[in-house]
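So, here's a batch of structures to check.
Two complexes come next, and they have one chain in common, chain A, joined by chain B in the first and chain C in the second.
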Partner chain A sequence: MSKIVRTGANLLYPFILIFGLYVIMHGHLTPGGGFQGGAVVATAVALVIVAYSFEEVTAMIKKVGMKARESIGLLLFIGAGIAALAIGAPFFSNFLANSGLLFGQVVPSGPNPGDLNTAGVIPIMNLAVGIEVWGGLAVILLYMLSGITKEGS
Partner chain B sequence: MRRGLVIVIFVVLAAGLSTIPAFFTFGEPAESGMDRYFIEHGQAQAAANNIVTSVVFDYRGFDTLGESVILFTAVIGVGLMFRSMRGGEEHEDE
Partner chain C sequence: MIPAFIVENSPALMVIVPLVAAFLSPFIGRISSMVRSIWVGGAMAVTSTIALILALDVYSAGTRLYVFGASAASAAVPPDSGGIPIRIIFEIDQMSALMLVITAISGFAIILYSLSSERSHTGLESFYTLYLLMITGILGMVSTGDIFNFFVFLEILSLASAGLIAYRVDGGVAVEAALKYFVLSTIGALAILVAIGIYYGQYNALNMAMIAARMQFSVLDQVALVLIIAALAMKCGAVPMHFWTPDAYSMAPSSITALLVVASQASLYGLFRTVFTLYNVTLNAATVGWLIIILGVLSMVVGVTMAIPQKNVKRLMAYHAVSQTGYMLLGVGVGLAVLGNQSLLDAFGYMAMEGGIFHIINHAMYKGLLFLTAGAIFLRVGTYNLNRMGGLGHSMKWTMVFFVIGALAIAGIPPFNGFASKLMIYESVFVFNPLLAVIAMVVSILTLASFVKVFHSIFMGPALPEYSGVREAPMPMLVGMGILAVVVILFGLFPGIVVESLITPAAHALVDQGAYIGAVLGGA
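And then the complex of A and B:
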């Protein structure tokens, strides 16, 4: 693509990442969550694919790293569920909520501005799912990109 | 001939679809007991202000596990499809 598109993509790339990670981390306070924020972050990969050529994209965004993100996200999600078993609670129970530990602050009832340090394992699971969706959608995009170049050449 | 058949089927389906709201009122049957429970106890039990997220990740966490496994499987399927499209001649996993 032209230099204007590349410059625009370079400018937008960090902001898309920040916005997507914001949507992921504030999933328990604002609309959105892991799936939505992960999709937003994956659009940054799509933007890079649109703006740059095949060789530059494969040099900038490694498929291995995206596969690792996908696997780590799913493992972290299942791990957060199994961690509840370790302390004797049922599978996938919210053992960190109202505990005073990580993300363990008590939420007052009724409308309130909200605090990031609440909701127990929900932010951890949001982060896990966000990382997984980021990697998964990026891997799909990169596979489709390589399929197109093979057909075109 | 074939085009006429398609149009007839489309008209019949559209007419049938447009008569559905006459028989059912929107939002019925409402299961309001569940909503009330989540709204009243969500903040105390799941400690999250966003009730939707607390339903998705806490009350229905097992469903979300299935959802993310589906995404994982879909990515594996796409990878297999595009790998076989290239004839499997190279392994350019950088």
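And then the complex of A and C:
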């Protein structure tokens, strides 16, 4: 692509990442969540693919790394569920909520401004889903890209 | 003894173990393929053990609940929810436990087989990931007590199956079969989703027990029933929605075909669960019962007549799978048709249902065995074409023995398990309607004829020169087939014990809607 597109992509790239991560991390407070945020982050990958040539893209974004993200996200998700088993509660039990630990701030009843440090394991699971969707969609995009290159060259 | 922790958490653990193993296997596979084989084999063994422990517990102590994310695993209805069970609940009664037994045995036998049969192929890290996801999907589908959760596990199963059907690309033919399967599965899943939406809109609940307790059988419920029956009958390969089965079954690797049979049984379970637990006596039992009987008879007849002219051994077996599914639909359909009439139900209804349900477990065993033998033959000979095989009985003796066991079982010859369940179906269906029993017997005879032909063209005759180098299948594959063959013979020799201890409780649990509701809502 032209220099204009590349420069634009370079400029936008960090902002897309940050916006996606924002949607992921505020999943328990605002509309959106792990999947939506992960999809936004994956659009950054799509932007890179559109702006750069096949060789540059494959040098920048590794398929192995994206596959690893996919697995790690899923493992983190299940791990958050298993952690509940370890303390004697049923699978997926929200043992962190209102506990005072990580994401464990007690939420006052009634209208409140929405504190990030709440909701227990839900933000952790959102994060896990975000990582997973980022990896998964990126892998899909990379596979589509490889199909196009063979056609073009 | 078994630690209490495992027994208490077994419903969750049997889903957790394959999931964790599935997502770790790409990492572990990087160490070496040997380590990966041990890892996935061990994970499957653990999963099977947990599922069997759970099934044993259910058979001895009654229905088990597992409430995800609650403060305690048995707290189905939170105190502040207005009496609605809002959480995802696994509810395992005897019918679910029976399906767990089937999945545990087949899943373990098949992974032993595929560790050997797939060893020389590429892309194994995703193969085993998807395999374990399929197991997760099946186990989840048969255990869940939440209808949306059922849809989720159905989708996990469909996606993993589609990936595995396309696993051997085979010049794009396998991909085409997978695409067909995937499109149909998606349409079916959407139909189920619409039905779930209808329930949710009417009854404000997704929990099956809650929906069943509030069921009105309004016009909307009838629409939902049609959508669910159509989608799940398609997924289990009943005629006239069977057209994906020959393609998918014949193009998938043989180990996966054997697991697809189990997967189709899980869809059948979903169908029975919907009809008996969600609706039960509220629906017009005779009409819906006859609908399922007709689906069953059509599947039996069309399946077997389509199977006879096939030249590809796996396509032939796939059509027989369609045909055998018909027996299960027939048996359980007869039970449904007399639902609500206690005297008829006692006279032959329960027996027909037991026959149908017994046939589910028998079918999973002998059909799995047959597909595995077909895979073993393909591994050594490199073709599925019956016209190009012959004389393999000289070199593959054990495979031949296993094939004979499977073939006689599917044809309903004593002393194999197919005979036991088919006899129950014949006897009870004859009391209900003699014509149906006659059709069922004719189909069995045609099945026997078809398998005699297959047996002759694969194993009999002089040893062919082009197959002079053919050896017996590798040991792990034989062990996998052997496990299924032993089950086939044991179930055939002692059907009384199996029916009494496994099948009768399952049939009664399926009919007893009140117990299913009561386990979640209490009292009822």
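We adopt the following convention: the second predicted complex is superposed on the first by the 153 of 153 C-alpha atoms of A that agree within 3 Å, B and C clash if a C-alpha of one lies under 4 Å from a C-alpha of the other, contacts with A are read in each partner's own complex, and residues count from 1 in each chain.
Just so we're on the same page, contacts are C-beta pairs under 8 Å (C-beta built on N, C-alpha and C of every residue); 3 or more make two chains touch, one makes a residue touch a chain.
As the structure is a computational prediction, the values presented were derived from the model and not from experiment.
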| item | value |
| --- | --- |
| Contacts of A:Met144 with chain B and chain C, given as first, second, both or neither | first |
| Which superposed partner A:Ala89 touches (first chain B, second chain C, both, neither) | second |
| Partner chain in contact with A:Asn112 - chain B first, chain C second, else both or neither | first |
| Which partner reaches more residues of chain A (counting touched residues only), chain B or chain C | B |
| Touching partner for A:Ile78 - first (chain B), second (chain C), both, neither | both |
| Which superposed partner A:Ser2 touches (first chain B, second chain C, both, neither) | neither |
| Which of chain B and chain C A:Val129 touches, first, second, both or neither | first |
| Chain C-contacting residues of chain A that also contact chain B | 74, 78, 81, 91-92, 94 |
| Interfacial residue positions of chain A with respect to chain B in the complex | 27-31, 33-35, 58, 62-64, 70, 73-74, 77-78, 81, 91-92, 94, 97-98, 104-110, 112, 114, 118-122, 125-126, 129, 132-133, 136, 139-140, 143-144, 146-147, 150-151 |
| In the complex, chain A residues that touch chain C | 67-68, 71, 74-75, 78, 81-82, 84-85, 89-94 |
| In the complex, chain C residues that touch chain A | 9, 12, 16, 19-20, 23-24, 26-27, 66-73 |
| Chain B residues within the chain A interface of the complex | 43-50, 52-54, 56-58, 61-62, 64-65, 67-69, 71-72, 74-75, 78-79, 82-83, 85-86, 92-94 |
